[in-house]
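You will see two complexes here that share chain A, one where it goes with chain B and one where it goes with chain C.
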Partner chain A sequence: MLKATIDADIFRESVDAISALVTECRLHAEPDRIYTRAVDTANVAMISFQLKKEAFESYQGTKEELGLDITKLKNILGMMTKGGSIRLNLPEGGQKLELSFNSYHYSITLLDVNTIRKDPNPPTIELPGRIVISGDVLFSAIKAASVVSDKIALGIDPSRQQFYMMAEGDTDHIRLELGRNELEELTLVEVRSLFSLDYLKDMGKIMARAEKVEIHLGVNHPVKFSFDIAGGRGHIDYLLAPRIEAE
Partner chain B sequence: MGVALREILVDFRSDAAWQELQGIAAVDAHNALYQFLSIIRQPDGTPLMDGQGRITSHLSGILFRTLNFIEKGIKPVYIFDGEPPEFKREEIEERREQRRQAEAGWQEAQERGDTEEAYKYARSASRVDSYIVSSSMELLRLMGIPWVQAPSEGEAQAAYMARRGDAKYAVSQDYDALLFGAPVLARNLTISGKRRFRGRVVTLNPERIVLADVLKGLDLTREELVEIGILVGTDFNQGVRGVGAKTALKIVKKGEFRERMRESDPDFDPETVKSFFLSPPVTDDYALAWPAPDTRGIVQFLCGDFGFSEERVNSALEKLQTKTGQKTLDQWF
Partner chain C sequence: MRFIEFAELCERLEALSGRLEMITVVSEALPKFSEEELPVVVNFLMGRVFPDWSPLKLGIGPNLLYEAVAYVTGDTKERVIEEINRRGDAGRAVEHLIANKEQTSFFVQELEVFEIYREFERIARSEGKGSQRSKLLAIRRLFGNSRPIEARYLARLLLGELRIGIGEGNMRGAIAKAFGVPSEQVEHAYQARNDLGQVAVLARMGASALSKVQIELFRPVKMMLAQQGTIQEMVKEHGVVAAEYKYDGSRFQFHRSGKEFRIYSRRLEDVTKALPDVVKRLAAATTTDLILDGEVIAVREGRPRPFQFVLQRFRRKHEVSSYVEEIELVPYVFDILFLEGETLIDLPFSERRRRLEQAIPAYVAPQLQSSDPEELEEFYHRALDAGHEGIMLKDLESTYMPGVRGKRWVKIKPEVDTLDLVVIGAEWGEGRRAHLFGSFLLACRSEGKLLPVGKVATGISDEDLADLYALFKDLVVSEAGKEVAFKPEVVFEVGYSEIQKSPNYESGYALRFPRFIRLRADKGVEDADSLETISLRFQQRPSA
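Let's turn to the complex of A and B:
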């Protein structure tokens, strides 16, 4: 069972964050939160998402698994004006999620959860490099890099005490360096990995709204972006597999 | 269809190991698509189709063959046919008629429940139409594989690119690319190495034909090789009745090409076809780049639009990603 009221903007942000990677997911409702963990179809990126009970205006939930068509949900939310609240209602064992907004009342048929990929286990990865940066700065760098290339290297140069983002195209090159005073935190350990900007652009749009994004890096390892949503009452981790450096 | 020069080329065909074929390959797209459409079929000859009845055999073929190329270190560029030359009309009309007959034969065989016969007819009824071409181009674009629109014949453009050194060799089952001057022609670059040939399944290995070896071995100029082709019959003209490659070779060596052509059909001017082979319309307007594949786009296109199995496409794409540098998260779970 799920019966909740939530600020429409928070709900929209949540759906956008999930839709950056997947078109459908298993959403778990629990007494104190909703959460999902999903991997994109190409097995390259993963999202772990959770929204605490406190992020809702009102919340009552029992253990339930909802098969959500994220694309459909995003289209529905696109119809709505900004502001206001959304009421969600799923009766015990129900197959249709009722979603009400102003005078609109949607009844959304849920997907059979068995047709959706199982939640992956949380991977165990050691990522020694840690940077804390504003989401806005991060997204700007991603956008700038995508003008010249389709991939970007993220790394830490301990000797220069810098976090750098570097993209190399066939003819052009861009390097953005951020020192300790421009970052909230920076661990001085040598790390570097290369990533697809295709994925980062989609994630970046979501991260741009976050005041702080924690970046965890290794050497030719996945990157983890960790940030809060809904004023700290919700949290997202994005994990992205690297590209191989030498081509 | 192509030109029937096999008899005189047999000695110049050599098996090629996949690693020798690494590099840029200019693939005759029409030839590949025709193969996919005729081979990738269900036992009764029905091509693979999606829920809406659209043919998908060619998409399956492009995906898996191209992935195989990439895995083997071959960088393909697909060359699509442009406008056929005016004098190809007759041949095209004839092929249409053959297809019409094959379609009728297929239906009849299916109604009779004769699966083997139906398969045979269905293969001959294959047609590369604008839907097949445009959906193939879209899939290639998503895969980050370049394609070139030839102004005229795809094989001519492929041969030109190989001559310029932009491609290491041309890929086609037909020998026409040699007449168009491709320095190297590669054949049988299939995944399974198996092909149905006259009702039997035979195993084929990639093979390579070097034009210079052929010309030297037969002591011919390229012009004379083209003449042999014209005598035997090409996509652009009927050959001389009863003349095969060996006889044609003798005729050309004796310098009787013109005479024999005139005797056979006084109204046909072989020079038009000859000069078409020797200097066909080609273009320099192409850029060869293999950008990273849009894997999500591929899955959306094949699984979302055309109902392919996501599992099958994903496992195939993993190969592509490892080769193009994108790792998956699998190794960290």
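Let's turn to the complex of A and C:
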């Protein structure tokens, strides 16, 4: 059972964050939160998302698994005006999620959860490099890099005490360096990995809204972006597998 | 069963060249599959996703495949196309790209054969807005979880050609051997069921299960086909033969169960909605459950109109009613396969004809029974004078053999030297035709493979060339220099002056003076002429 009221913008932001990677997911409702873990079709990018009870204006939930068509939900929310609240209602064991907004009442048929991939287990990996950066700066760098290339290297240069983002195209090159002054935090270990900008662009749009994004890096290892939503009452981790540069 | 095991089986088969060895390898593998996997694997090994009678079509073109692979490997689509062009084999190219992909992933999920089939079913059922996107996502997921060797066969399966040399013949042999049943029974059950996958399941139950196979309503069976022949030969062989007009229209199968009616095309597609007038006529003329075999022709003032008009009607999906008024269709039925719960295909033709005339008095094709060559010759000329293609001669004792092009049915028509061949490639034209395909590479069927027999460039008008370009542009699999390879889907009817032995083409034959006659939109790859037909024609050539 799920019966809740939530600020429409928070709900929209949550759906956008999930839709950056997947078109459907298993959403878990629990007494104190909702959460989902999902992986994109190529097993390259993962999201771990949760929204605490406190992020809602009112919340009542029991353990339930909802098969959500994220694309459909995004389309519905796209038609709504900004502001206001959304009421969600799923009766015990129900197959349709009722969603009300102003005078609109949607009844959304849930997907059979068995047709949706099971929650992936996040890999257990050590990522020694840690950077805390503003989401806005991060997204700008991703956008700039995608003008010249389809991949970007993220790394820390301990000797120069810098976090760098570097993209190399066939003819052009772009490098953004940020020192300790421009970052909230920076661990001084040598790390570097290469990532596909296709994925990063989609994640970047979501992260741009976060005041602080924690980046975890290793050497030719995945990257983890960790940030809060809904004023700290929700949290998202994005994980992205690296590209290994051809010899 | 895991898909990797299927891929490894394919790889073993691909390395074999002997027919018997291949049959043995497949026959040893088949018993290992579960009941739900067996029919899927039987079809997959023949490079088919769904059996012929199934209305489901995968509808995945080369473009969608390239996009999915590019996403998974982290390459651009152009890079994928480049690799395919370089290798000339999409399967091997995709295998290489997956093996050398830069993009890593968190994990791979083991692909299961049956799960892939279920995914294909979902893809085939998705339609309308967003269906392209969901197809793309599904294919991405499959390649995202593929090992290189799995990717090779997955790509080929999606493009409809597995290239391992398993066609219907070898598969029938393998099923018989695997489950110790007579191959004639396998063949007979296949004719009635039209699905070797299900035949394999029955064969596993034993010979008695196979022998009980019946034709079912709304599950179309292949049509019996005719060879080319002569009046003299037929009379000499069979004495009294049945002669019917050979109509220049489109073959159909009509199924009736109570108040439900369906019409299937030669390719066994459900064309009921496109032919409401024909359905109405046949529905009014019959009263019981039955399956009829016939030909529908377009007429104007009592004279047949060219085949193209019939085709326009068959392919119509929208505004059907205005076409119904414009092009009048008349059905002629000449066989009956099923009547009130009874399968009739094993009865002699004379008996089927008797039941046909009782079951449906109208629309039965006129028939002449005679052993007099002169009388038959006269009938032939009457057919031509009335605007028909020629005549059919049928052995009165013959059973109905679905899908078989045997000697029991023979066609007599003036221009005999045409073949229906699959278009597997083209060359870009020159000069003002530089942006169009100028000549087309043709192939015949041979045990699941398509073997080239020549190119055709003459007989194609500028208008045809433009139409053909539009038809083929989305089927391009690869390009090398001026040559383009197509996903095999389209069939041409091609005329020629002579068949010759030739080392230039893989089939071992070449056509002399090939010319384009028409597009056979009513035929699919599986209906194209086989290597057997070509070698038979070669042996029967006048100079031999």
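As a convention for this text, the second predicted complex is superposed on the first by the 246 of 247 C-alpha atoms of A that agree within 3 Å, B and C clash if a C-alpha of one lies under 4 Å from a C-alpha of the other, contacts with A are read in each partner's own complex, and residues count from 1 in each chain.
Heads up, the rule we're going with is that a contact is a pair of C-beta atoms (placed from the backbone, for glycine too) under 8 Å apart; a residue touches a chain by one contact, two chains touch by 3 or more.
What you see is a predicted model; the values in this text were computed from it and never measured.
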Superposed partners chain B and chain C on chain A - clash or fit: clash
Partner chain in contact with A:T109 - chain B first, chain C second, else both or neither: neither
Which superposed partner A:T62 touches (first chain B, second chain C, both, neither): neither
Partner chain in contact with A:S196 - chain B first, chain C second, else both or neither: both
Partner chain in contact with A:A241 - chain B first, chain C second, else both or neither: both
Touched partner set for A:N43, first chain B, second chain C, both or neither: both
Partner chain(s) touched by A:P120 [first = chain B, second = chain C, both, neither]: both
Clash-bearing segment of chain B, relative to chain C, as chosen among 224-232, 242-250 or 296-304: 296-304
Chain B and chain C contact sites that coincide on chain A, given as residue numbers: 39, 41-44, 46, 120, 123, 150-151, 196, 198, 222, 239, 241-245
Chain B partner contacts - residues on chain A that touch it in the complex: 39-46, 120-121, 123-125, 150-151, 194, 196, 198, 221-222, 239, 241-245, 247
Interface residues, chain B side, partner chain A - complex: 291-292, 294-296, 299, 303, 310, 314, 317-318, 321-322, 325-330, 332-333
Interfacial residue positions of chain C with respect to chain A in the complex: 71-72, 74, 76, 100, 102-109, 130, 133-134, 137-138, 140-141, 143-145
List of chain A residues in touch with chain C within their complex: 23, 39, 41-44, 46, 71, 120, 123, 150-151, 196, 198, 222, 239, 241-246
